[in-house]
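For reference, the structures are reproduced in the following blocks.
One chain, subunit A, links the two complexes that follow: it is found with subunit B in the first and with subunit C in the second.
For the complex of A and B:
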């Protein structure tokens, strides 16, 4: 036998001490990856009678990103679980604190990649508050229009992923048709399909062009019908409904106590919507309903699923109103290229497809913020997972987690 | 190989003998009829040089000599004289590999959404045999690293790569995996995955369009066919330790 050939690529840990490989930590990572530091960890990593650990992730087809969940299972039943975060921690806050105010928009863009326009919207609003910038009305309408379009795309993806996690492949083919049409439409304006980098401090990057309007007209003429058709794929499927009903119930008190926002709290019966509760942009001038589902006992996975489909109808209404009421005029305020706001602090929050997304900025008078804090709804919702998955079956964990619709980019920042 | 002109004549003669005058209904078969070969005349192709097989094939002792002779230069010679496709099994297997590149279903960040978009209805990667995204690394050929690779994820990703059976290839999708991209300055990311694993095709873009990924996968197919990609360090097959 010949001697084993050494790999021709450099060994990764040779020059980068940050990377821990199997060779350094033993061939297999021990399930408690560290000696327990808290009482909770010590309790979790002690196995009872008939119990075992099951690692789900970090590479797993249905964790919506690189999330690792250590499940403590007894047979088919999940006794306890421990989510391990940080596999997608990219240091966005620190990067933003080292970028100037215009540059932050492109840095924060890929934070939550499914709905990246909302990631731009919140910091841009915070900076405008900090600098007392008046945004032209046409720019505000364009922001609402593109944002609601992206909300529809995000909810369409949610529907596909929800079915995919429960084992149905077909709906995701249809939801990606919707999503691809919308992002191609936005790409005609912004030049990018996903990370648009479109909003600016004091307006938007460019006015709507002819290609966008013609694509949007085509799409709007059949959007409502297409949405009802996509709904019909799943909502009358008995297997789907029976797997979703009475799974992962969040009651009203829990939702309020844990700080749940967005569709998840509205599905628990509480009509909280940032667009109504703390109105921003031109939302006070637009007519739309805040759909609410769930009963006094709160909402289950099926409620959370159905509520997002209701929101798509309202978004189509908002887009229709924007197209009719959009005024003419400039799309960008006249601003200096290098901005040094006065020392101060500002908070701005928007209703992203996942809930309240907010940024908190502290300025010290230079062209870079002193502190840039990101509040992401997915992180809040992931805290529910431990409560909801406990005492469920393993197969139901995905029905719970997918219905909360977390995106790991926002959770790990 | 029993296609001789004489044989055809004999069969025609036998058919005439057994059915004289068109009354074929109750004629008994003659003793030699069944054992005589049934000859189907060749009407599908004609060879440019019909006698070249008998006259030249005996000279060749190795396939390489045939490849270098002028016989291999024309398709008529290849199909007409040899009646086989002279090739190596490796070439056929490479063609199969090239046309069924099964990726691993592992998305890291933003690019994963575009990777899914490339796999679904509008840009249907299945048309080039790239579709079945395997959830297990044991069944996958290609690792598409889609998204930012952080230092915490590097260990699990390298383990995924090492769990894939040879031969295997790696596609770096997106700027973050090619060079660090917009997170190059961050303290927690790896500036290009070629620091931790070999890469065959780089697809830049932040994120690249689905067409870009498909183009990269087609380029990978060319590499596979020409054996220019990452080639296994171990012989292909079950990797048996020496002690066993």
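For the complex of A and C:
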């Protein structure tokens, strides 16, 4: 008989503060309680009288991706919460720093899968600034046209998600009909339904074709009517409205200090829209309003929801103008295949359906960027949830979080 | 390019700038020392002629020799984006003051810069890792962090002066050994 094999893992000692999760494999628990690292963590993970922790996620259907939220609750009231990110982290910035300038467009596409054309738009604009590229006007119009179509698709999906999170099952089906029509339309011109990979440095990949134009004409003839019908589904639903009203109010000063952008800041009463605040592409030539909602006290969840519906109307106006004013000409600038921009720095920002989406690029003269920074609006907006949820009910977490319209793909990069 | 912004910035911040004000396309760029960061940002935010109220981005940058924190600001008083570069943070111990007193929304962006590059923002009350697991020790966006599965490397690979593609062992151990008290 041989002697039993001794396990080689270390035994937990009495003074080790961590909890042994599985003594057989020597795995430690990776969640608190471990010694707190920061002031805020110490404050959050200390329970008061009658309080308890509740883990929501990472597989919760209403978190729009893979997000874990640690709620500190007292009965049904949320006292505080701590979002835990990183479940979807792919290191897109590092990947982009190791890809050449053309390759980045396809690397960054799946970053935020709901509005991926905007994810292409910002880096492409930054590279064009870096290389002093003049984009043909037809290409700019095509970018605006496809971008606004995708904005409508994204907002339509938001409307459905919002209702789904509050327990309404029907609107998401109508949202997907709306979105599917647009996505099929874009698939006709880009070849892809979701990750379009369509914008190029100096233009777009391919001109508009007959199938796209016929689908678009078909859709445009009923887009406005269809939009009003979709609005009617929810806006007069008393349960929906009363669950959204006076929940998650953001005032103007908070919105500015928290770095909120996009529909969320406009719903708080500040008309900040990158398309007007810092015009890019051909937006200065187009007529559209920047819808603003919210009273003196700021905007609540309902304001944020209604503002996105207002934006769809404006997007339909922009598409209409694009179709009428679209010039003829090439859709790509003449550029070399291998790009080595001179050393320099460039920042470009676009108004994505979620807010200011920006990229900061540093070139060192090689064909890959030295530093590629992605700023995603959802990332900033998710910080608000902790602030807005205090003293609300657990069920309202969803009404607040969904109204901020975060997409975890963008948040986790 | 907004020439008047250049004169306004030069008048308000002349003694704080560490380099010339650069302008290209729609961007104006100033460089400052990290120690002056809070004061410069207060002037940019509060001065009625500047009023940079929106912090559009906060990015950590590892240049290979030193580290930088780069801020992009927006104001209604100028058509330009303003880029503020707090430069010269030592790579061994990069520290910068936190902007959370002025823009509380910078908190997570600073956490991200800490997580990815190890820049410590003094005054940020929640400087934990945000993407990587809490027991992770390295800083992935640093330039000495080797990417093992580097199939995307194009013909420009190996050209750059700061990344050593053929010395993974030394590079990784160096970054893993670094510990930062958060």
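The criterion applied here is as follows: the second predicted complex is superposed on the first by the 379 of 413 C-alpha atoms of A that agree within 3 Å, B and C clash if a C-alpha of one lies under 4 Å from a C-alpha of the other, contacts with A are read in each partner's own complex, and residues count from 1 in each chain.
Quick note on the criterion: a residue touches a chain if its C-beta (ideal position, glycine included) is under 8 Å from a C-beta of that chain, and two chains touch if they have at least 3 such contacts.
Bear in mind that the values here come from a model prediction, so they are computed numbers and not experimental data.
Enquirer: So in the superposed three-chain picture, is A:367 touching just subunit B, just subunit C, both, or none of them (first/second/both/neither)?
Expert: second
Enquirer: In the superposed arrangement, does A:207 touch subunit B (first), subunit C (second), both or neither?
Expert: neither
Enquirer: Taking the superposition as given, does A:320 touch the first partner, subunit B, the second, subunit C, both, or neither?
Expert: A:320: touches no partner chain.
Enquirer: Once the structures are superposed on A, label A:66 by its partner contacts, choosing first (subunit B), second (subunit C), both or neither.
Expert: In the superposition, A:66 contacts subunit B only.
Enquirer: Touch check for A:409: first (subunit B), second (subunit C), both, or neither?
Expert: Only subunit B is touched by A:409; subunit C is not.
Enquirer: Quick check for you: in the superposed arrangement, does A:180 touch first (subunit B), second (subunit C), both or neither?
Expert: Only subunit B is touched by A:180; subunit C is not.
Enquirer: With both complexes overlaid on chain A, does A:285 touch subunit B (first), subunit C (second), both or neither?
Expert: neither
Enquirer: Looking at the overlay, does A:110 come into contact with subunit B only (first), subunit C only (second), both, or neither?
Expert: After superposition on chain A, A:110 lies in contact with subunit B alone.
Enquirer: Taking the superposition as given, does A:51 touch the first partner, subunit B, the second, subunit C, both, or neither?
Expert: Once the two structures are laid over each other on A, A:51 reaches no partner at all.
Enquirer: If you lay the two complexes on top of each other, which residues of subunit A touch subunit B in one and subunit C in the other?
Expert: Residues 86, 89, 91, 94-95, 98, which sit in both footprints.
Enquirer: What part of subunit B is in contact with subunit A in the complex they form?
Expert: 105-110, 112-114, 116-117, 120-122, 133, 135, 147-148, 150-160, 182-183, 185-190, 194-198, 206-207, 209, 233-234, 242
Enquirer: Could you please specify the touching residues of subunit A with respect to subunit C in the complex?
Expert: Residues 30, 34, 37-41, 85-86, 89, 91, 93-95, 97-100, 103, 129, 256-261, 272, 277-278, 338, 340, 344-347, 349, 356, 358, 360, 362, 364, 366-368, 370-371, 373, 375, 379-380, 382-383, 412-413.
Enquirer: Quick one: in the complex, what on subunit A touches subunit B?
Expert: Its residues touching subunit B are 1, 4-10, 12, 15-16, 18-22, 25, 29, 58-59, 61, 65-66, 86-91, 94-95, 98, 106-107, 110, 113-114, 157, 172-174, 176-177, 179-180, 193-195, 408-409.
Enquirer: Which residues, counting only subunit C, touch subunit A once they are in their complex?
Expert: 24-27, 29, 53-57, 59, 61-62, 70, 72, 74, 76, 79, 81, 83, 102-109, 112, 116, 125-135, 140-141, 145, 147, 150, 152-157, 159-162, 182
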